[in-house]
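Got some structures for you, see below.
Shared between the two complexes below is chain A, which pairs with chain B and chain C, respectively.
Entry: the complex of A and B
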């Protein structure tokens, strides 16, 4: 078996291991039913409080958000929030969990490529994420009566799939930092906070000051959320969001390269300083 | 007197322990800012018409968006203390294996809860001061003298939350995995108390639960006296209900905590997790 095929097998094994661990803790899946529904629902009710059903207030929101549909706007934004959360807490902290269990060194002495433990756990997050999207869609329909056309949902699915590499690369870049910082829990909060504030999760990006908007448009989640809202709430199609998809894929490639580079540099440093086993 | 000294010592120990984690200390300010205050402010501002909050005024009778958010966040912070700072911290002590030695000391076990409440209040006051300073500096939050009129409601809410913390501590000590329970219950109680939106917007089935929570009245009194918003009921009546609920919650919490403690000692669960 050549090296590439062996690494591929190790990659699949790493993903299977993560999936098996998820299955062993079924209570973790309770959160999948609770948070994707109630978090955005509470923000929709906040929107009702702020609008007071006043036509002028709703028109002002529509002008800034590009859509008068407050519930749809919030749920799409929160879908990205849930995606980022599971990415940063899941694959983003996978190396840290190996470190805490004392198995990181053991994994690193196997002949498999170092990129396997770095990229492998991310695959396992795709299943809970897909479930989250489905649950949010059902909640949006059941509680707020918002049902986007099937064609729009399918096109939105394409945007999500093309966004996977970018989000995956962000999670991987973050995961690599474990080798330098060790405890990353507070950093997860910080990074997630940055995304929440910059990427138009719960409010239109247009509400940010200009300098912050420039930063926002350097982040792939901003494009993905905006494209999903355009397709699901404003009737745009894939051709309309094509340039954004190209930008997201380009940024994804750059971040993935950066993640590999950072990981190699930090791994070398961690092996010299003996940081791998410390926590 | 001895119990008071013990409570202060527990509070001091908690303050010292938490202050060693500087990022965690910073996150007591940063997390509410990014999770609630700034997004809620910008979300609300997106509904503004010519700089005026006509929609909020129609809902609540006040246009003071920053005041609405920060006062909701203030009571939300108190709720968070009861759930995480007090109830869940007993669980952490259990995980670290120090609950048994602590409970073998002659200090009353209820005093541990009071000590943790005092320690958490220290960080609560500091973080709220930082958050309000941020609000005044960047979000146009204005403090008014009338806010002081709502202080009795806030003090009552603190007592009610200590009672609820006893109740929660009882549950947390008895169940194996408390993280999800504490997280979801904190969100549910905060949301149903009206920290982020008026309880009148809740689905009908949840409104009776909201009206049974002391924090609902504390927030409503706070907002009506500090911002001039329309209260749910007459403010005097809300005070009466708040006093009654606090008087009920505190002994109920103490009773539940004592029952849980007895159960754990009988079953030898103190060191199990």
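Entry: the complex of A and C
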């Protein structure tokens, strides 16, 4: 068995271990049932309340958002938010839990690549995340009567899949910091807040000042959420969003390289300072 | 041709910073005023293949730091290390692949997984070939007598069982070298004995075992050779029997003496008949540890000394020489201080 195959097997084992542990706390999955529905639904209702369902207000929204479908717009944005939250918190939290539990050193004393504990837990999060998407889709249909065509849903799934590396890389960048600094929760909170504000999660990017829009279009989530809305709500297809996908993949590659570099540097620093075993 | 040492450390040093330097101090470029202390201060060590080698010392002596440097978890400040002939700084993955390590004991396991699930995960991390994984896990579980509880959640295990499972995990890569950091800490006497038996079996299988402990009995009973470590330095290194011979006493006598006034007179009188390794006064009680050739001769002399100085012997205990006494004679402190 060559080293790469052995590390891939370790990678799968890390994801399976994480899933097994999640399964042993079934109540965690309760959150998956109501948060993906309650939070976006409250934003949709708030939007309707503020507009008073005035056709002029809805037209103004459609002009900025590119679609008059307020519920679809908000649900897609929230799906992105939850996905982003899960990956931003997920890898870092998993690494932090290993550190606090005392298992991080046991993992790091094995010959497996350091990238296994870094990336492995994130893979396990894709399953509950997929479930979240399904629940949000069902809620959108059941409560707001929005049913995108199947072809659009399948194409949106492709956008989601091609967006995984970018979000994964962003999450990993913060997870790496756990090795050296321990608690990185407040930084993740800050970054998540910035993404919510800048990436058009709950409102169109067009509402931002021009300089902020420039920054917004440097962040992969802005492209992903925009492409999902174009496909699901505005009838675009994969060919239309192809350039965006290419940009997202390029940024993902750059962030992933940066994450691996940062991880290596911080791991070396932690091995010098003894931070691996401390918390 | 002689085999390469299982572990070789030469002038090994690890310096840590004590205190903290705030982000504000860093941003302002203030000089780093943190105190540097040498957790490991020039250790030289050669562990031969197939032996059980113990690092014995009190908490904070530098045992775990040394172990972590050997296990690639810490980068030394200076010095040379070879593990099974490999430089862990240049080739850390090669070292990890050949090393079974039990470092954080029961805490290092996933309590919400079963023992088998824990070992399945670590077998993948240790790159055990898929075709061998099942047999390797069964063998490791049997080696620590946990085969019948393999499918129980670890949270339902006793501390001793978790320690044994951590040892089973260390055996997964079928390592020629096993490092154990305080393997019996927190265990009851029965569980400790059981774990020590498992460690002896490792030696019988031809593996080298390097362990740290602050239990002198453990080092005495288990180790072929012991390095006594204090303040990051090795203060003595030999077989337990040879170490005990160094204090030139056959027996150790612990005395508790009631003293009203100055204790120097009784100490001086006692010192004529034995080597006093330690004397400490607390309120009206003087506690003395004396190393002597024969307790049969020293005890009457001690009573005479007490009587002639107006003191009273309240308690007397005669014990054989232990590594604790060796540590005491070398450092002037007890291991548990």
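Assume the second predicted complex is superposed on the first by the 279 of 279 C-alpha atoms of A that agree within 3 Å, B and C clash if a C-alpha of one lies under 4 Å from a C-alpha of the other, contacts with A are read in each partner's own complex, and residues count from 1 in each chain.
Following the convention adopted for this analysis, contacts are C-beta pairs under 8 Å (C-beta built on N, C-alpha and C of every residue); 3 or more make two chains touch, one makes a residue touch a chain.
In this text the structure is predicted, and so the values were computed from the model without any measurement.
With the C-alpha superposition on chain A as described, chain C and chain B fit side by side in the combined arrangement. Once the two complexes are laid over each other on the shared chain, residue contacts for A:193 go to chain B alone; chain C is not touched.
On the chain A superposition, the C-alpha centres give an angle at chain A of 90° between chain B and chain C, rounded to a multiple of 10. Of the two partner chains placed by the overlay, only chain C lies in contact with A:274; chain B stays clear of it. In the overlay built on the shared chain, the residue A:30 is in contact with chain B alone; chain C does not reach it. In the superposition on chain A, contact is made by A:17 with chain C only, not with chain B. By the touch criterion defined above, A:116 reaches chain C but does not reach chain B. Once both structures are fitted on chain A, no C-alpha atom of chain B lies closer than 13 Å to one of chain C.
Shared interface residues of chain A (contacting chain B in one complex, chain C in the other): none. Taken together, the chain C residues at the contact with chain A in this complex read 16-17, 65, 68, 71-75, 93-94, 96-97, 99, 101, 103-105, 107-110, 112-113, 117, 120-127, 129-130, 153, 166, 169, 173. By the touch criterion given at the top, residues 23-24, 26-27, 30-31, 33-35, 38-40, 42-49, 53-60, 65, 177, 180, 184, 187-188, 191, 196-198, 201-202 of chain B touch chain A in their complex. Put simply, chain A touches chain C in their complex at residues 1, 3, 6-7, 9-10, 12-14, 16-17, 20-21, 24-25, 101-103, 105-112, 116, 268, 271-274, 276-277.
Every residue of chain A that touches chain B in the complex is listed here, in rising order: 27, 30-31, 34, 38-39, 42-43, 45-54, 56-61, 64-65, 186-187, 189-190, 192-194, 196-197, 201-204, 207-208.
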